[in-house]
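Input: structures, listed below.
In what comes next, chain A is part of two complexes: it sits with chain B in the first one and with chain C in the second one.
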Partner chain A sequence: MTGVRPLPALGVGSVIVMLAALPVAGLPAFYESFLYLMFYWIALATSWAILSGFAGYFSFGHAAFFGAGMYATAHLTVKMEVPFLAALPVAAGVAALLAAGIGAVVFRLRRLRGELFALLTLAVTFIVATIILNTPIDGGAGVLTSSVPLPRVISSSPSGTLYLLGLIVCVGSLAIAWWVSRSRLGMGLFAIHDDEDVAEVKGVPTFTYKLLAFTLSGAIAGVVGGVHATYVGFLTVSETFGITVPLYVVLMSVLGGARHWAGPAVGAVLIAASLYTFTSGDQATIGRGIVALVLIVAILLLPEGIVPTVLKQLRRRPVTRATPPDAPIATQAAPKRSDAPVLVVQDVRKSFGGVHALRGVSLEVRQGEILGLVGPNGSGKTTLINMITGHFPLDGGSIRIDGQEIGHQPAHAIAQRGIARTYQIPRPFAGLTVLDNVRLAAMFGGTGLSGAALDAEAHHWLAFTDLAGKAASLPAELNLHERKFLELARALVTRPRLLLLDEVLSGLNPAEIDSAIALIRAIRDQGASIVFVEHLMRAVVQLSDRVVVMNEGATLASGNPREVMRDPRVVAVYLGKAHVA
Partner chain B sequence: MRTKSSRRFVLGGLAGVTSLALSGVGRAAPSGTPVRVGSTLSLTGPLGQTALVHKIAGEIAVEMINKRNGFLGRPVEWVLLDDQSKPEVTRSLYENLITVDKVDLIQGPYATAPILAGMGVAQRYQKVYIQSSMGIPKNLTYDMAFPATPFGPEPNKSYPKVLLDAMASTKTPPKSISVLTSKFPSAQFMAEGTRDEAKARGLNVALYLEYEFGTRDFGAIAARVKDANADMLWLGALGLDSNLLLEALRKLDYVPKRHFHLYPAPGPLAVSPDGDLALSSTFLEPAPPFTDRKDVPELAATYKERATKANVPYTDLDAQGAGMYTQWQILEQAVNGAKSLDDKVLAAWLKKNGADTIYGKIDFNGPNNHGPAAQMVKQVQNKKWVVVWPANFAPPGVKLIAP
Partner chain C sequence: MPSLTLLGQSLISGVMLGGLYALVALGLSLSWGLLRLVNLGHFALAFLGAYLVYHLGTVWHVDPWWAVLIIVPVFFVFGMLQHWVFVVFRVTELTSLLVTFGISVIVESILQWIWTADFRRYETHYAGVSLKVGPFYVPWLELVALIVAVGLAWASWAWLRWTYVGKALRATAEDADIAAAFGINHRLLSFLLSGVCAAYAAVAGAFIALVSTLAPSQIWAWLGVVFAVVIIGRLGNPVGALLAGILIGAAESLAMAVISPAWAPVVSFTILIVLLLWQPKWL
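Up next is the complex of A and B:
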């Protein structure tokens, strides 16, 4: 995400080297053991957050991947005598395959979000546990791993080897989380977290990204489990697949801030350290109660987690605002207006249960024109936009852009073909800054831009929509007018072939409407074809080259705006028929 | 003469003082730097309730040792940490005890997984490791690890043997048996042994069923037990499994003819109406002839008092508490017998001499330092657990009731 400074590589490298040198420093082995448990929890919590924190898919099934890794390692090393280090990649692979298999099924189903996903992952844990319990993998007898020979790495002691493996896995997990959070994948996951449907429409391949994140998360948990299998020395199904792992990783991530790559690590360190705060036999129960109370208070006071809260506080301090990059804006020659159709909608039908929302709608949008799409509430205008952008699958008919059928393509693929839209009620990604909202749209919307050119493009469209001063703000800090313009900036930054504006003027005052109309004209002048859904007839008539009127899911009339608006059928739809007593 | 008699007087006086001093050695309060013995118990987490029993018994043991002469005349200090029922925490806390706290000696924790987690640490630092609740002796592979409970090296064979011997001694020995067990390593291990021993004796194993650890709804399992209608039910139960299964059977209007429970919650099963005549295993109960053994009356009385104060559900000394006390007895005898705190010396002494405990003489001369098995069978009679087999360990007037 923008706003996060690059990691101070030298400092981080020094800390890693110092930690790696600990086994030869002659400290008591307890410190290796204590730090190993820190690494263990950091890696587990961080791996959980790659899907659940970044994309908001809360999983209670992390024990399934962790346990799969544990038992894969135990089975290979104890029963098949595979060397320990050779077993670890297999542990990661088994857990990754399990995650990918689950994800490939559940991520296809839109209804399996939120608590249903959490429950489903919990159920998967029980299923995996039952399989392991009832097969020779465990069979109920447990697996003794304490005698698995460990390679001697630097240190001559097994605890030193486990410490170093823990350190490697921990640093690797953090590096992966850091990389993901700053990558295209991470940007997509954050967008999924905030509004998955919008993310898809903005071009994020949500299914693929969730699957990647889940697989990555599972693989890391698997390798953590593989190392831990030898640390505990004896595996039982009840302890491996119990509620401890999912409960702790959720708690740690929520405490530290699940959405930030470093948040789960901070939470893990605090909670793992607290486990050792009250270990004396005389104060065990009271101590645990105090730790629980402190955690509850911390989570209540810092609902976003420690790291995001601290970063927010730091951002409030006066800082020199980063100047927009000075990269040249890719210019696009405005195509001339012509009668060549950009979009052709033919006989499109859509029903929701018994309600026929679209009853065979046909229309076309020509190169460089503004097509006004009007009609009373419930006439099917927004449904049609949702169909064109792939939000809903077609029941019948076809939609073609530049002659290519897009009616059955996923929304992100349609977005990448140059179709952008705005929402009647703005739906910005709430956790991303205004600039990141626009960058994301540019990143996924088919411009093919990256790096400085991407940033320059985003800043250009923020300036175009008069939002340059709000680049670092969160959408919640914008007023309605600004949020509507943010919607426009997100659409324009993709340099769309076709722009679908859904009641972009609603809720604006007259001055704001005038500036919006000027803006839409400027957009058309840049070469985009526009479908302009609006109730405000003054604007429709001023802006539209042609108008299509919809009523009850069908096209009622089309043509020159002024002529269509005088059509008695259209007047009747808007004003009602005169009845003679 | 005068000199001679004076010298004699002085020598006599010195001898008297010395003998008085010597006679008081056993009762003198220990002094000097404490001998610190470290261990963990699962004081919080799912094992907490049973670990509390260990804590009470361990504290009594340390007090009684210090009332005697401590270790080598020095007081004993128990450094007890809470492993939170987590094997990984157990491991790191033992490393803390040994490498940071630098305790002189260690004791084992409670329950199989923490015991195995701590055993690896003990092995690395070559510490004597005594434990009392490790259900699978074959996993106790460290040569300086010692069992404080006489499970024997193969309890999966010795447990069923004692039980089936007891059953065979009744007027109507069972001809069929249903074996049910929780899929918990130490219970499942015993269930398989019972099934095999029953088959070897010609009993019909009418039902062998494993259920998942943590099962709470026993309705379907009870139906299968009723259908099997064996002469005896053997249940590899953990905690309240026994009560829940018997309750589910009662709802089906079925009372098992004879029923054995491996690791039940002793109090709830004894007082339950369903628990009448339930059978289980034991090594000691706070009743004759065990109360004739040294330490048992004081231990049993003190334990009852403290367990009551701590709201422990079952306040009689049971196998958990007795096992913990035995751990300390073994360590005490090793230290004072070998006159050393050196772990290797202590281990050698124990292997050579064994230990006299409230369980009787325990030897460590078998596989994985396990000596002969000494299981007995106990039964709920008048809402109390009493030893019923072997008959010579039953209290006066008590005998096995086998309907």
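Up next is the complex of A and C:
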């Protein structure tokens, strides 16, 4: 995630210049056409992967955006005689609008599953195709685009111009994908891919990001379609909106590795080249079958795709470990403990169907205190945490932080206000390294840090939680203890005003519990207020300044830990009425 | 506005068409809902079955009903073999989609290689026969297809509802690990179900051969509508698939009569999108 190294940048630059110079060098038209098709598939597959590869929402509707761009260009240039280059931005705009429209509707579905998204986008493609077929845009007769005047760039032949346009679109889409994969947007999309709910709670504006990526992806496909409209010379609805484009882009991306910016390009080159070798008649039939067979084998053997698999092999070789940057950590003066409330929860209600999970819970957390939240299983502790972090919408009541109502804000906005949580069962982003897991939380958690300061902060908290040696590992390589501490590091790096710890101690052995208790004290000393959900009474009594006992979705008792634990009602809840002496 | 007779007639043909949709959707719905495998290859398999019925009928003069009896066991074994590959390579929901797409392309190539890309029509002496009910004509073959669809859907539903195997399959679909902990051999059951789904493709294929025109590229023509049927009918619910098939078939057919044939695809996909966005409880 560092800047561009000079040597590869030079290499990439010279390759682009060489490719651009080919038409001038008098390349035969056959090769120009062959390379154009390569560029076309690379650009199309890469554009698809910006949403579908990075964020994991597989779209089967890429033909809709591609086709919208194609027909927009054809309509403008043929029927309205707009110059070709002026039509391309319009094509991008039309396709982007279509994508944004679809995204704005479907991404609002709370339980939108991946395969439903795939089929919804496929359905939209059929509808767009039918509309174009039955309106004067096509009307069933097709549109002849071969006579559209192309700008003459350097060469006089139209195939040279198409080649250059293809090259520009291809390089452009690769550059955009590369930039996205390194940007804040890309980081957010990768997190959505791994665990969308956690991403939102860590501060990623998931709806906006998905919409942005979808729009960007559609816009690029629209431009590719616009250029391709003049390449094919004659547009028909069945060819444009057929199954070829959506399925080939998916296969190319999956083969090459959809999650890496260069993966779709690699897959596109392999598949497009092998399709090109079988061009005529019977050969084409058999060729397609062979390509399909190779695909099956590749997908079965390399489910992650070629590029990520190769990169993983390379990474296995010993590399000199990057030393953590030495940038100074911004230290904040720990605010004094006081009776001023940080969090005020008032009469919060939530039911799931007929189950009343919370029936009017009220509590407050004061500046700098550790509030123990205890109660039997099913008493609503985790639900309350989910309500505070905005994971579930409120049915009633109010939640305020520093006096400001947050009860109806989206989870990512709440995270940016300085509320962080850990999960009882750790939920790290499986595809990101330990370091990136922590960096992501810092990036989106309202710290306002970036660049070296962000890295330094991430390394600081990794060291704080004893994970410095694991920075480059993937979460799957950690044991439970380390995964719990990664949860903590992800929460701490945001310097939260309020930290919600959901059973951080469960499953740890006594020595690990002692180190965790020391860690939680250290966190409090840095100024955070803590809500500590725990079943382990020893830790609750040791750590908490106050305790709130919940039972059946309501608060039962609160106050000094030792006194509350002796309250007969509390004993009855835990051990049954017979034990109350 | 077309006459009432025409509307009634198109409603009847729509319901009949819906039976055919349901027949193709059944196997897809069961494997997706209960095995979490999206089997795109189901369409290709159905068309392979259709071509085999066509070939047996036209070249060797085997009656289509006998041809089905030959093809069903063959397909059953094929389904199990395919599932064996899925199990060995631990294919997930998403990769199953990609792998079975590959299978579809291979089958399409084979069909085109053997039978060429030309359109073919299986002429039988019962092709044009219709029953006359009042002012309406009910095509005999389509009626049989609908009856078979109803029979298979009901039988599958009863199988899942009441037999040990069915209950075990549903338990596995909910949570494979827990089901295994209760002693369910879900591997064995998943092989069985995969075989059954492939056999359903053979049955669907026979009716495709009898009532429609065959061409290798037609594999993809059914894809959109049948997926809409599977989702509207709820994954893994055979009776739902039947009802959804009839709903979509009737809606398409009425749209053809009232608006124009070219707009029919919009109808099924609009129904699908509206239902997905509305998310009623029963979906």
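The working rule: the second predicted complex is superposed on the first by the 563 of 581 C-alpha atoms of A that agree within 3 Å, B and C clash if a C-alpha of one lies under 4 Å from a C-alpha of the other, contacts with A are read in each partner's own complex, and residues count from 1 in each chain.
In this section, a residue touches a chain if its C-beta (ideal position, glycine included) is under 8 Å from a C-beta of that chain, and two chains touch if they have at least 3 such contacts.
Keep in mind that this is a model prediction, so the values were computed, not measured.
Undergrad: In the superposition on chain A, see if there is space for chain B and chain C together, and answer fit or clash.
TA: Here chain B and chain C cannot both sit on chain A without a clash.
Undergrad: Return first, second, both or neither, reflecting whether A:354 touches chain B, chain C, both chains, or no partner chain.
TA: After superposing on A, A:354 lies clear of both chain B and chain C.
Undergrad: In the superposed arrangement, does A:26 touch chain B (first), chain C (second), both or neither?
TA: neither
Undergrad: Check the residue A:58 against both partner chains and state whether it touches chain B (first), chain C (second), both, or neither.
TA: Only chain C is touched by A:58; chain B is not.
Undergrad: Return first, second, both or neither, reflecting whether A:285 touches chain B, chain C, both chains, or no partner chain.
TA: both
Undergrad: After lining up the shared chain so the two structures overlap, which partner does A:251 touch, if you call chain B first and chain C second: first, second, both or neither?
TA: A:251: touches chain C, not chain B.
Undergrad: Should A:295 be classified as contacting the first partner (chain B), the second (chain C), both, or neither?
TA: Only chain C; A:295 stays clear of chain B.
Undergrad: Scan A:568 for contacts with chain B and chain C and give back first, second, both or neither.
TA: neither
Undergrad: Should A:136 be classified as contacting the first partner (chain B), the second (chain C), both, or neither?
TA: Neither: A:136 stays clear of chain B and chain C.
Undergrad: Run through 42-50, 78-86 or 114-122 for chain C and report the one that clashes with chain B in the overlay.
TA: The stretch that clashes with chain B is 114-122.
Undergrad: Which residues would you name on chain A as touching chain B in one complex and chain C in the other?
TA: The answer is residues 130, 133-134, 140, 282, 285, 288 of chain A.
Undergrad: Provide the residue numbers of chain B that touch chain A in the complex, in ascending order.
TA: Residues 41, 43-44, 48, 55, 80-84, 86-89, 91-93, 95-96, 98-100, 112-113, 116-117, 119-120, 124, 136, 139, 141, 183-185, 188-189, 210, 212-214.
Undergrad: Can you list the chain A residues touching chain B in their complex?
TA: 28-34, 36-37, 40, 130, 133-134, 139-142, 144, 146-147, 157-159, 228, 231-234, 236-239, 244, 275, 278-282, 284-285, 287-288
Undergrad: Can you tell me which positions in chain A touch chain C when the two form their complex?
TA: For chain A paired with chain C, touching residues are 58, 105-106, 109, 111, 114-116, 118-120, 122-124, 126-127, 129-131, 133-134, 140, 242-243, 247, 250-251, 254, 282, 285-286, 288-289, 291-293, 295-296, 299-301, 303.
Undergrad: Can you name the residues of chain C that touch chain A in the complex?
TA: 38, 85, 89, 91-95, 97-99, 101-106, 108-110, 112-113, 220, 223-224, 227-228, 231, 260, 262-263, 265-266, 269-270, 272-273, 276-277, 279
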